[in-house]
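Both complexes shown next keep subunit A, but they swap its partner, so subunit B is in the first and subunit C is in the second.
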Partner chain A sequence: MSPQIENIYNKSAAVFAITGIVNFLLLSYFNKALGLGIFYSALIFLAVFFLCYIVNYKFIESSDTYLFIIPSLLVELGLTMLCRINPDLFKRQLLFYIAGSFLFIFSTLLTKYFIKKINSPMLFFILTFIFLLLPVLFGVERGGARNWILINGYFSFQPSEIAKLFYVFYLASNLREGRIEKLHRLVLEIFSIIVLLILTRDLGGAMLFYLTALFMIFIATSRYDYFLLGFIVIVLLGGASFYRMPYVRARVLAWLDPWQDVPGRGYQIAQSLFAIAQGGFFGTGLGLGHPDYIPAVATDFIFSAFTEEFGFLGGQALILLYFLLVYRGVRISLFSKDPYLSLISAGLTVFFGLQVFTIIGGVIKLIPVTGVTLPFMSYGGSSMVISFTAFGVLNGVWISTRREEVME
Partner chain B sequence: MDIYETGGGDGIIKMNNLKKNIKTTFYIFCLLFLSLMSYLTYFQLYERQKLIESSYNRRLWEQESKIKRGTIYDRNGVTLAETIDLGTEKKRIYISGEAFGPLLGYSSMKIGRSGLESALNGELLGIAQKEPLSLLRQKIYGLSQGNDVYLTVDAELQKKAYSLLEGKRGAVVALEPETGAVLIMVSSPGFDSNKVEEQWEKLKGDRGLPLLNRALTGLYPPGSAFKVVTLSGVLENFTGIEKEKFETKGYIKVGGRVIKDDNSIKPGEYSLKEAFAVSSNAIFAGLGLRLGRDKLLKIAGDFGFNSKIPFEMYVKKSQFPGHSLMDSDVQLAEDSIGQGKVLTTPLLMASIAQIIANHGVYHSPYIIDKVKTPLGQVKVNNLRTVRKTVISPQTADIVRDYMVEVVEKGTGKAARMKDIKVAGKTGTAENPHGEPHSWFIGFAPAQDPAIAIAVIVENGGSGGKVAAPIAREIIEYYFKIRNRK
Partner chain C sequence: MYELLAQLAKYLIIGLLYYLLYNFLKIMIMDIREYDQEGPGYFLQTEEGKEIPLLKVTTIGRAVDSDIVIDDPYLSSKHALIYKKGNSLYIQDLKSTNGTFLNGVKIRKPVKLKENDVLVLGSKKYILKRRELNEPSD
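On to the complex of A and B.
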């Protein structure tokens, strides 16, 4: 793609993201009770977006601005829904966006200058392990999983989100030679991480971590047999947990036939499907749906609420936006000349893509529901901040690749 | 692989493999995201409608507050229930009074829905539309109007029937013999659908069970009215039996049990016709024993016992006992005169009269004439086409002649009319709740039937004395308003 066309795309995407502001303005007009606060919030969002966009576009050489624009658009759509669901969450989410967009720039620069210098698998493993151990020791329960850490009672975060990054770095540094030095050790380390996640009952997270490892091992070593074997192991483990863990069993049964027990275990998924069904092709229109009927609507089920109000077409568009991000990530890892950087960007992309598939697939009943967030849209600081940081890393990889090209 | 090995160093091979694997991974993700989009599309096309109409969906009520619920009319276009827009809220008004309470039911956010309001909810709210084109049109025009429903019921007849049952517990069902269309469906005591919310506690606790639609969900022993079925079975199975003579001593002893005739029946010799006209229990119990369990079960099943009756609303299954460990001659004898364990709904009894009136051909009863969308499209009820031959026309015509005899000379004299020949059968059904239930089923005019009817008065006593006169008055009224039109 020529730089000129790239520029045009960048600018049009930016315009597209900005027009979303109309949503807020409409909402604040429509729902007078929300008051001017929304209007000011919209202006703040706009200012932050513009600032970071210009920094990316003008001051960071050969930055892949899409990696900032598309997530911002997603955040904007998420904010629109949150504003409609719960204005308090909306305001906090806006703060998370501000933090996230600055972290995007920060991690871009950090990656650009330092990433190749730090590549010790041991260090990354220890960091991953510590962050996952924290909730096991001090965690509080929220929504079934004990993966939250409370600091002075008010500020809370999910260490497993941070561990995600270190985990991908750990795998990339371990596999960067294209072969597995000590298979038993790698397997042991990965499983110790999975066990920590299971201990906090974050089964969705455990599955994402596990599958990401499978994909990265396959990418680095071309070993189809490991991939297949790993897949069989997870199927067996899944089968065993269906019989051993009542929580898993309830989720799977709710997936197979939610209509058997709508007021009970099928409640969540049934409400989600009612919402999507209600939307039809064009949606009920913003503000005219019933997100209040859906449990955990601000976090896990935000896709259903969005599809109710923006319709089947809105939902499909959202899936395409996420796919575009996956494509962007894959592109970066393909262009990279350094296997380490290539593996990092591939790993981050795989993790991101799997997470999106897991939660959207869950709420539309393609697969059983697991409590993971929809990156950029679900309410939640840890998820937002880490997702932006991850995309900053991708951007950093991209920039260093381009720099090498120029130098050659 | 080989190409790479000759082409360059170890690092390049690895890098190339890495890129190849990343591409493979990307294809897997393409598939994953494609499956998301495909499933969402499948859901949109095939699952959606079911979920929108699901009773678990709280959005239905939300929608209802925005949609003007359709009007319900009777067969002559008389309004029975309509929704008026008061600006701030919409109010459902029932113009028809207590006579229609159990049939129409109610639709209330507080207490739910019942009757036709429940059964026709999708139509009345206009959300049962399947064609995408009319949905799109609705969307564009912002149509907030449900479909109108036209019933086959005649409001005047319905009110007349209800007034005749006033103060009694019971039900009346009348059908059009040639189509199965329901002309009357009354359950007494009824209730005023307008006041059901405020009187809810009282109605729920009422021992007269006004909220029940007895015509569909009341199960009663049919008593001698069931002899129509036994007679049909006998005529179908034994040719020439109508020429035989039968002896009664005023009672019959079966396995130690004595089944008695009514006191008015003199012991002696009777033809089949006479035995039917005076409703001899002893002779018919004997005929049941001669027919046997299998054949009696078969004919009862043909008439509609033991099977689900297709109808717009839920109908309880009428029961005729089959073989069981408890089966004995006593059981069989009692079953064949409509006592014992035989239970029936008033709707099925009306259908039995309809079958005889229509020369042995059953027409599935239906109550919805047509549904009209706000755009003027008319949907026709497909229950209209359900029909089945139950007994031969010869048998049906003999039974009809016997039923005329019942009204002319037998137990049903109270149903006799001056200028119109009525065919009928009475029933006085013993039951554990006190006085016997009073039954009358019949049709008129006998030669060219226009109305088939079943009347039951709970604990009313003799069928000939209580139910038959009510049936006569309804039939009289039917012809009076028909001639006026």
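On to the complex of A and C.
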């Protein structure tokens, strides 16, 4: 790494720390009941960040620190909002961040040494299938989708998040030759996964899994006919679900015209739009908005709450941060010469990008709302931990690509 | 009092966020520059023995925004494109008026190049050479 880039990284880390300190000091003043407790937890957060940051670029050779700084920044902003909305969630999210950042390093090292050794499509398919089957059998319903698993009645997680990673590995190992050997088998396997997701009523998830497969097949084979066919199929399926599933119908109608039924169907989206409009260009200021009016504000609608208090400019900065992460993923994918690694990084990036697009697009009424989390910002342990693991894998791919280049 | 502080903090934080974005964009631009400059180690030798280094993607033509500008009336303004894909170099004719010839044959599709290939662009002849392996610059 050139000293110039290192300098920029260090500067960014410093700005990251200042942002955190300003935000959390303000919140300690805002929330008098907890007072400096918030500030001390923020110091723990910063300590964990700097620990992982230093490990990352001092001890892991040619690691892409960028992939750690931006997610941490997003987590920091998410924590700010969570702390303002509900301090209990804030404390738990802080623990998830600590777990996530250590998993980032762990999965980086794991990927670096083992990724090329395991590439059996069958194994990954079975793992994906098992993780998606669990909620169908033992799932607990939360927020309309039955995709939660409870262990001991206290610890809960979303297996579909873990399945996401295995699914990308499955597709990459299947397509690494650059062509599809048994089309009917691939289609059958993908659809069996989609059906499992639909059984748990996780339609947002089903759409993400389907589109990821579509994009990855296109990236691997460059065949327009598959892409077009797949696209027509999803449009037809979407149309069918509009007529067959009342749940989808309600969502689409709320998207088309939320003002028709503001207290009922259109409530979520209308409140979200009110909040964003309230923010204006610079926002109302931290703690001065009304996130308590927005439903599901800690999870799905955290973007609206953030935009209300930091304004259009803040929201736009968030979107740009996500865009930069996607750019970085695409870059890693383009650099790797091994098609398997290239496809893994492309798949993870596509999944991440689609997820961000789906939820931000949903809350600003660009597309119908689907209940997926905003990675790194929304409250949720599974999402946070798996997103960090996914970026660790990307980082590992990058490191092994760089190593090959040096050895050449 | 809190309102005032929150208002000030809001501007500060938005400013800091954009400063961070600016920094990350700077890194992005540096990456792209580095990528551009990493040539594949090949160069074109003219009849006079001059060496023209090739980039990962090199456009050749009379137009001033080509990567290699050659003042030759028989050359089109955007004449041909040489690019690296995987580990090999390819040449593609950009629908030039007088055509691009590889070892005496006019090319129609992108063609893979190898060392010591003779290219005729416009009125001049070029030979593709590979540089002896130097220390890789990092």
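Simple rule for what comes next: the second predicted complex is superposed on the first by the 394 of 408 C-alpha atoms of A that agree within 3 Å, B and C clash if a C-alpha of one lies under 4 Å from a C-alpha of the other, contacts with A are read in each partner's own complex, and residues count from 1 in each chain.
What we mean here is this: contacts are C-beta pairs under 8 Å (C-beta built on N, C-alpha and C of every residue); 3 or more make two chains touch, one makes a residue touch a chain.
Keep in mind that what you see is a predicted model, and the values were worked out from it rather than measured.
By the document's definition of touching, of the two partners only subunit B reaches A:Phe218; subunit C does not. Contacts of A:Tyr322 after superposition on the shared chain: subunit B is touched, whereas subunit C is not. In the superposition on chain A, A:Lys337 makes contact with both subunit B and subunit C. Looking at the shared chain after the overlay, A:Ala240 reaches neither subunit B nor subunit C. Shared-chain residue A:Val22: touches subunit C; no touch with subunit B. Shared interface residues of subunit A, touching subunit B in one complex and subunit C in the other, are 282, 320, 327, 337. If you check the complex, the residues on subunit C that touch subunit A are 2-3, 5-7, 9-14, 16-21, 23-28, 30-31, 86, 136.
Residues 177-178, 215, 218-220, 222, 262-263, 270, 273-274, 276-278, 280-282, 290, 293, 312, 315-316, 319-320, 322-323, 326-327, 330, 333-334, 337, 339, 342-343, 346, 350, 353, 357, 360-361, 364-366 of subunit A are the ones that touch subunit B when the two sit in their complex.
Interface residues of subunit B, counted against subunit A in their complex, comprise 14-15, 17-23, 25-26, 29-30, 32-33, 35-37, 39-41, 43-44, 47-48, 51-52, 54, 56-59, 62, 139.
Across the complex, subunit A meets subunit C through its residues 2, 4-5, 8, 11-12, 15-16, 18-19, 22-23, 26, 29-30, 66, 70, 73, 282-283, 285-288, 309-311, 313-314, 317, 320-321, 324, 327, 331, 337, 406.
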